[in-house]
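Single-structure report; data block below.
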Amino acid sequence: MLEDLKRAVCQANVELAACGLVTLTWGNVSGISQDRKLVVIKPSGVPYDQLQPEHLVVVDLDGQVVEGTLRPSSDTPTHVLLYKHFAGIGGITHTHSRHATMFAQARREIPCLGTTHADHFFGTVPVTRPLTAAEVAAGYERNTGQVIIERFAGLDPRTMPAVLVAGHAPFTWGKDAADSVKNSIALESVAEMAVGTWVLNPQAQLLEEYVLNKHYERKHGPNPEYGQK
Amino acid sequence: MLEDLKRAVCQANVELAACGLVTLTWGNVSGISQDRKLVVIKPSGVPYDQLQPEHLVVVDLDGQVVEGTLRPSSDTPTHVLLYKHFAGIGGITHTHSRHATMFAQARREIPCLGTTHADHFFGTVPVTRPLTAAEVAAGYERNTGQVIIERFAGLDPRTMPAVLVAGHAPFTWGKDAADSVKNSIALESVAEMAVGTWVLNPQAQLLEEYVLNKHYERKHGPNPEYGQK
Amino acid sequence: MLEDLKRAVCQANVELAACGLVTLTWGNVSGISQDRKLVVIKPSGVPYDQLQPEHLVVVDLDGQVVEGTLRPSSDTPTHVLLYKHFAGIGGITHTHSRHATMFAQARREIPCLGTTHADHFFGTVPVTRPLTAAEVAAGYERNTGQVIIERFAGLDPRTMPAVLVAGHAPFTWGKDAADSVKNSIALESVAEMAVGTWVLNPQAQLLEEYVLNKHYERKHGPNPEYGQK
Amino acid sequence: MLEDLKRAVCQANVELAACGLVTLTWGNVSGISQDRKLVVIKPSGVPYDQLQPEHLVVVDLDGQVVEGTLRPSSDTPTHVLLYKHFAGIGGITHTHSRHATMFAQARREIPCLGTTHADHFFGTVPVTRPLTAAEVAAGYERNTGQVIIERFAGLDPRTMPAVLVAGHAPFTWGKDAADSVKNSIALESVAEMAVGTWVLNPQAQLLEEYVLNKHYERKHGPNPEYGQK
C-alpha cells in the first residue's frame, strides 16, 4: 500500500542525511496520504544508508501501526498530531540540525534578518514553551505536538513552516516530504546566518517589512516570479 | 546562438554549487556577449546538477528574453543593470554564501584586514543602503541594481568586484563568468576570516595601505608577478 | 587470537576517522575481550586508511603487549585502567575532536542544555582536575586514567559515557568499540551546540530535569522506546 | 633533475589541497635538496588538481630559476631565505588556512592551551612584526622571510615549526615537504580550537609547563613513545 508515498518519504529521509543535517540517526521525515488518513514515517533508529521503501512504517492518525514490521520513529505522535491540526501540510521533517538546535536550546526565536529568511519563512520562527512535568509524564511526544499547536495560535503553518521546540530541536513541514526537507535545510542556513549576524552586530535590525513581503510573495504568492511555471 | 558563452556560464554555475557557496538554488551566474548586447543567465529555480547549456536563457539589455524556454533568474534585472553601468565586466555571480550574507544582514562593510583580502579586493567591500518601500514596489530587482550603482559612485568596479546588498546578500563580478565565481569564493573566505579576526581582536587594525597596494598590484597590476604570463 | 574483536576494533577506528572526528592520527579506539582479560587497541601513529585488523595490538590489563609487532597507542595505559575500574564497558574511544577539546582546554564541563545531550549523557559531562607534576613524571598516561576514575567518584560510567581531561581532550566509552565511537560523535555534536547556545544566550538554562529523565530513559532505560527491539 | 624531490613536493601540494587548507590557489609547498643547494617549489597560480611533478620549478638559493618553464610561486624568496637560515628544515608550507590566518590578521600569538598544541609546537606560536613601507618596496617577499627570521631570534625553528606573518598568514616547516604540510594541518586545528577555547573561557589558562614538556618530548624527544620505531 502507498508505494509511491513510501518511495517519496524514503528518498526524503535519504536526502536529509545527504545534506548534512543529521548526525547518527537524529532525524526523520514523514508524509501523509492524499486522503489524509495514513502517515508513512521512518522506522526508529535505522541508519539512512540502509533505508529502503519497504522499511517505512504506515500509521493511522491515532499513531497505530497499520503496516510495517519495524517500530515507527519515537516522534510519531508529534507528526500525527501536526497532520491533524495543520490543514494542507503533506510532509514533516524533524532534525537536530546544529544551528537551529542552538536556537531551540537558547530558547530564542529567529527573527527575519534578511531575504534568505524571507524567501522561506514569513516572519519570526517561533519557539514553543517548555512542556510541564505533567505533560511529559502523560504523553511526551503527543504533548510535544500539543505545545507546537498551542504556539501556532494566530500563526499560519502554511506561511511559517517551522518551529523550535524549547530545549529540544526544530520541526519543519511543507506541501510534501521533499518540501519539508527543503524547509529544514533553509531553517538551518537561516539559523547559522542569524548567529553570525549577531556576532557582527548585536543590534542588527529586522529586514524591512516591505522587503519581507516582496521576497515571500515573489516565491510563494499567488503569482510567483521565482522558479518555473 | 552564443553556444560558447552558454557552455561557460553553465560551467560557472556548476562550479559555484560545487564550491559549497550555494544552498538549495540560492545563487546564479551570468555572462555577457562580446558585443555587450546579450546576457546569458541561469534559469530560475533549476537545480545545478541538472543544468545543461541549452537550459540557459538569453536576454537583452532590457531584460527581455531573446532565446530560451525557461524563465530567467528572478535576479536578471539586477544583472542586466550592472552590465550596463560597469564597463568591462564580463560575468556576474549572486550567492547567499553564509559569511558574506552575515555581513550583508549585519549591514557592515568588510574592511581589508589582511593580504587575502588585498589579493582580490582593493579596499573595503561596500554595503548598499536599503531600498525604500517605493523602490521595492516600483521594480525591486532593477532597483537592487540601482542602489549598487549608487553605492559605487567614486568606486571602480574593476578593482572592487564585490558588493553587499543591505539585508540581502552579495553580488560579485569579474572579467568573465568563471572569474566572477572566483571572486565569490574569495569574498566568502575573506568574510569568514574577518568574523574570526574580530572575535580574536575587536580592535584589529586595517592592513597597512602599502601592503594592500603591493598585494593588489602584484596580482592585478599592469605587470603582475602572480600566476603564469 | 581475538579475530572478531580485532575486526570490530579496526572497523571502529576506520569509522572514527570517516566521521571527521580525527585530524592526522589524533584518535584511537580499543575494545576488551569477553573475559575482560585482553584489550585490542590501535597501533600508535598508523594512518586509519592503512589500518588492517592484523595491525591491531593485543595487551593485557597491565598494558603489556601479548600479541602484535607494532607499538600500541601511547594512550594504552589510560584505556587499560578505565577497563579495570569501569565494569561493563566494552570499548573506549579517545579523540581530539574540535569542540569537545575546546571544552577540555577551557576546563569547563558541558551541562545538559537540550534533548540531544539527554539522549546520550545523563547529566553534566565532567572535566577532570589537571595532573600534578609528580603524576606526569610518575606515569603520565596511567595517571590520566587515575584522574578520570577519581572524577567519577559518585558518577556512574554506564550513564555518563564521556569525560573531558583538563587541558587535553575527551575520552568516551560504550558497550563495545562501535558504541564508544557513537558516543564520541554525540559528544562532539553536543559540545558544538553548547558553544553556540551560549553565544546566543549566555544564561541559557539547563534542560528541565524531567525532560532529561524522559529522554535518557526512553533510549537507555529498561524498556526503551527508541530503535528496534 | 631531482625527480624524487619533485614527486614528493608535488604530492605534498596535492595533499595540502585535499586537506581543505587551501582556497583557490592560496597555498604552496616546497622542498630542499639533500645538498641544500636547490629548492623545488610549486609554480604560481597553477590549480592543484592539474599539478604534475614536471610542472615544479627548481630554484637556487638566490631564488633564480635553474629548471622549469613555469614561474615559481611569488612567495619563493620567502621560502629560500628560510631554508638559508633555518638549518635542518627540509620542507616549507604556506597557506591562508582560515583560523591560522584569523590569528595572523588579529596579530595575536597562539599560546599553548592544550596537549594538541603541545604535540606539535613547543610553546607559543609567534607573530612577526609588520613590514615597514621601505621593506615592502625593497623586496616584499624576501623581507617577509627577513621578519620571520628576526622574530625567531632566541627561538628554535626545529621545536617551533610555525609562524604567523602579521596581517598575512602562516608559514610552517618540517623535516621534509610532507612534514611541513602536517604542521600546517596541526596549526590550523590548534588555531581553531584556541578561538573556541577563548569563546568558552576568555581567561583560559596555559597548559601546565610540565604537561607541555611531557607531550612534546614523548613525540619529538630523543626517545619518542609515539608512533612506530
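Order of writing sets the labels: A, B, C and D. Residues in every chain begin at 1.
Just so we're on the same page, a contact is a pair of C-beta atoms (placed from the backbone, for glycine too) under 8 Å apart; a residue touches a chain by one contact, two chains touch by 3 or more.
Worth saying up front: this structure is predicted, and the values here are computed from it rather than measured.
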### Other chains in touch with both subunit C and subunit D
none
### Query
Which chain has its C-alpha centre farthest away from the C-alpha centre of subunit B?
C
### Summary
Residue numbers at the subunit B-subunit D contact, same meaning over half shared and different meaning under half, come out as different
### Query
With chain centres defined as C-alpha means, what is the inter-centre distance between subunit B and subunit C in Å?
46
### Query
For subunit A and subunit B, what's the span in angstrom between their mean Cα positions?
32
## Note on the structure
Residue ranges of subunit C touching at least 2 other chains are 198-199
### Query
Is the way these chains touch best called a line, a ring, a star, complete, or other?
ring
### Task
Throw together a list of every chain pair that touches.
A-B, A-C, B-D, C-D
### Task
Would you tell me which residues of subunit B are touching subunit A in their complex?
23-24, 26, 43-46, 70-71, 74, 96, 98-99, 101-108, 130-131, 133, 136-137, 140, 167-169, 195, 198-199
### subunit C partner contacts - residues on subunit D that touch it in the complex
113-116, 119, 182, 185-186, 189, 192-194, 196-201, 204-205, 207-208, 210-211, 214, 218, 225-229
